[in-house]
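Order of writing sets the labels: A, B and C. Residues in every chain begin at 1.
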Amino acid sequence: MEFGEIVSVLLQGAIVTIKIVAMALPLAALMAFIFGLIRLYAPAPIKQIAVLYIEFFRGTSALIQLYWIYFVLPFFGISIDAMTAGVVALGLNIGAYGTEVVRGAIQSVPKGQYEASVALNFTSTQRVWHIILPQALVNMIPPFGNLAIELVKATSLVSLITIGDLTFKAKALADMTLQVGEIFGVVLVLYFLMAQCLSLFFRYLEKRLSRGLGRGGIDQ
Amino acid sequence: MKKPIIEFKNVQKRFGDTTIFNDFSFRVEENEIVSIIGPSGSGKSTLLRILMTLEGIDGGYINVNGESLWHMPWNGAYVPASNKHLHKMRNHLGMVFQHFNLFPHMTVKRNITEAPMRVKGLSRQEAEKAADDLLELVGLADKADSYPNDLSGGQKQRVGIARALAMRPSILLLDEITSALDPELVDEVLDVIRNLAKEQSFTMLLVTHEMYFAREISDRVCFFDNGAIVEEGKPEDIFTAPKEVRTKAFLNAYLGQ
Amino acid sequence: MIQVTWDWAFAWEVLPMILSAAKITLLATLLGSVLAIAVGLVFALLRRGRSKPIRVGVYWVMEFIRSTPLLVQIFFLYYVMPEFGISMSPLLTGVLALGVHYGAYLSEVFRSGIEGVDKGQWEASRALNLSTLDTYRDVILPQAIRPMIPATGNYIIAMFKETPQLSAITLLEMLQVAKIIGSENFRYIEPFTMVGVLYLIFSVVAAYGIHQVERRFPKEGFNLK
């Protein structure tokens, strides 16, 4: 097979990978915020649900979660196509790690900020939305960037439930031809480029946000 | 006796095993300026923090403006205050912090207008007009659009004062507001407080280590040690003729050098 | 809708098979950890070396390893190594992939641990005319190890949780065994759930173990023989 042909097949796979990332990333961010905030501020029983979600998804492995959603849920009458299973599993998995990012960033906002907003008589919702979260957001960007790269890497798992992503195409090509060195070399480089792009984007985002928030973002 | 605007009755406060206040009583009259001096760890700041509702109490009662701060009447009895009650009571109080606690993600002006707009529901124009006047008052009219991290410590603290005043509290709590400043920046902050004391009628409760300032500005000085007022009186009495041994020792250590 | 119930009889029947596969999972994790620590240490020291090209080169190699999927690296080794006449069992391939992948992560932990040791320790060692090797072995590493334990432990747990990926190259670890059981009996709920629970139990126990190791580790460091 010509090298150009290999690359074009792999690029098709890369597009699928990017699609999965584009869908799972917002889901992960949503889960991270919802459960991160619940973990910090909700009353005890609801907090327990969040802890359960976080511990379960962080304590077991992503591939098992993917298999469980894809193979086991249909037995409960919840038929789910491979793509949805992949997006949901990865989004929930990375989201569980993201809750810790949200929690850590919020807790790293100095206590004085909370006290000043009590003294100025903000309601507890106003305190979180207008004082604490805007400052915490800047702190979240770098660890979220790392998680986004972990997500890109984790998308390779969906190849094991027959989704035609980059890894799947690579394996299919490798089984067909003998040019395994080229194939996997190109695949690794493509993943690397995707990760670098994300990393650049998040670094840009961090710069933008901290400029908007008045230099360093955090006092002292 | 004039009507007290702040009244502590047999207040108890503990942090774990450490007792800060045991049966502490204390009152402040309307428009009185009271300085609290004393060694660190004596509970001076805790007093202010309890008033600002940053710390709860373990026993006793506190009245602010004739109403109970930490309790509210309910079915003929007094029960611990709800958030709503605390929210209402906080309207009487304003606080300036040792470490400024300005919001770093907002401009100076926004720091001052944020609470009046969100909490008091002022329009943007009203809030900004008030902020401009306050910035004028603290001498920072040219810094309205700066961010806190671009200011010196003295400037930050003057913004802190303006921010507290913007909520129009009747009681102003000043918690060691010059302790975190370089010595050469202390006066610009104290000048602002001097002017406030002269030109406006306020109840002011200040915890301070600036003895000369306390003497100059206060109607009354309280020497605090181990969670109790050891001695209190007119500034000239306390500073020139303290009666208690502990007061003398403390003032000697401070002013003797 | 198909009625599903948890079948205890079936669960008990297949549990021994899954547990015996757990041995393979744990073996892969153990060997992978040893290799990862060795690789991580070598990378960390290379990144502190004198030659700038090596420092930069090692940085990008590590960055590359860390930002590409483990699964692709596993496939790479599995398919490409035989091209060079090296044929390895799935277990060895898996261990090599895990070791190199997590070695790249651990090298950062080790590097910051080494850099966390007070600069004065280097100066004192220099003043006593200790060689670089002696300084690392007798002075720096003994002090650096304790602060590295939590992060190292977390990466080893993370590695453990990625071992199911070795099923992709036919290693008969827990998940692969569960999948085979599932497809033979057309009952996935018990085998997959049990594997998940086992991972959860192992992770919790390992996290506790790491905490104990850190707690008991002498605060003043210790002497490497």
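Just so we're on the same page, a residue touches a chain if its C-beta (ideal position, glycine included) is under 8 Å from a C-beta of that chain, and two chains touch if they have at least 3 such contacts.
As the structure is a computational prediction, the values presented were derived from the model and not from experiment.
Grouping the chains by touch while subunit A is set aside gives B | C.
Chain A has the Cα centre that lies closest to the mean of all protein Cα atoms in view. Centroid distances from subunit C, each centroid being the mean of CA atoms, peak for B. Set against one another, A-C and A-B show the most C-beta pairs in contact at A-C.
Distance between chain centres (mean CA atoms), subunit B to subunit C: 55 Å.
Centre-to-centre separation of subunit A and subunit C, using mean CA positions: 22 Å. Measuring from the averaged C-alpha position of subunit A to that of subunit B gives a distance of 45 Å.
Interface of subunit A with subunit B (complex): residues 110, 112-113, 115-116, 118-124, 126, 130-131, 134-135, 212-219. Interface residues of subunit A facing subunit C in the complex, by the touch rule stated above, are 55-56, 59-65, 67-68, 71-72, 75-77, 149, 152-157, 159-160, 167, 170-171, 174, 180-181, 184, 187-188, 191-192, 195-196, 199. Listing the residues of subunit C that touch subunit A in their complex gives 1-2, 4, 64, 67-73, 75-76, 79-80, 83, 161-165, 167-168, 175, 179, 182, 188-189, 192-193, 195-196, 199-200, 203-204.
Across the interface of their complex, subunit A is touched by residues 52-54, 83, 87, 90-91, 93-95, 97, 99-107, 114-115, 118-119, 147-150, 163-164, 167 of subunit B.
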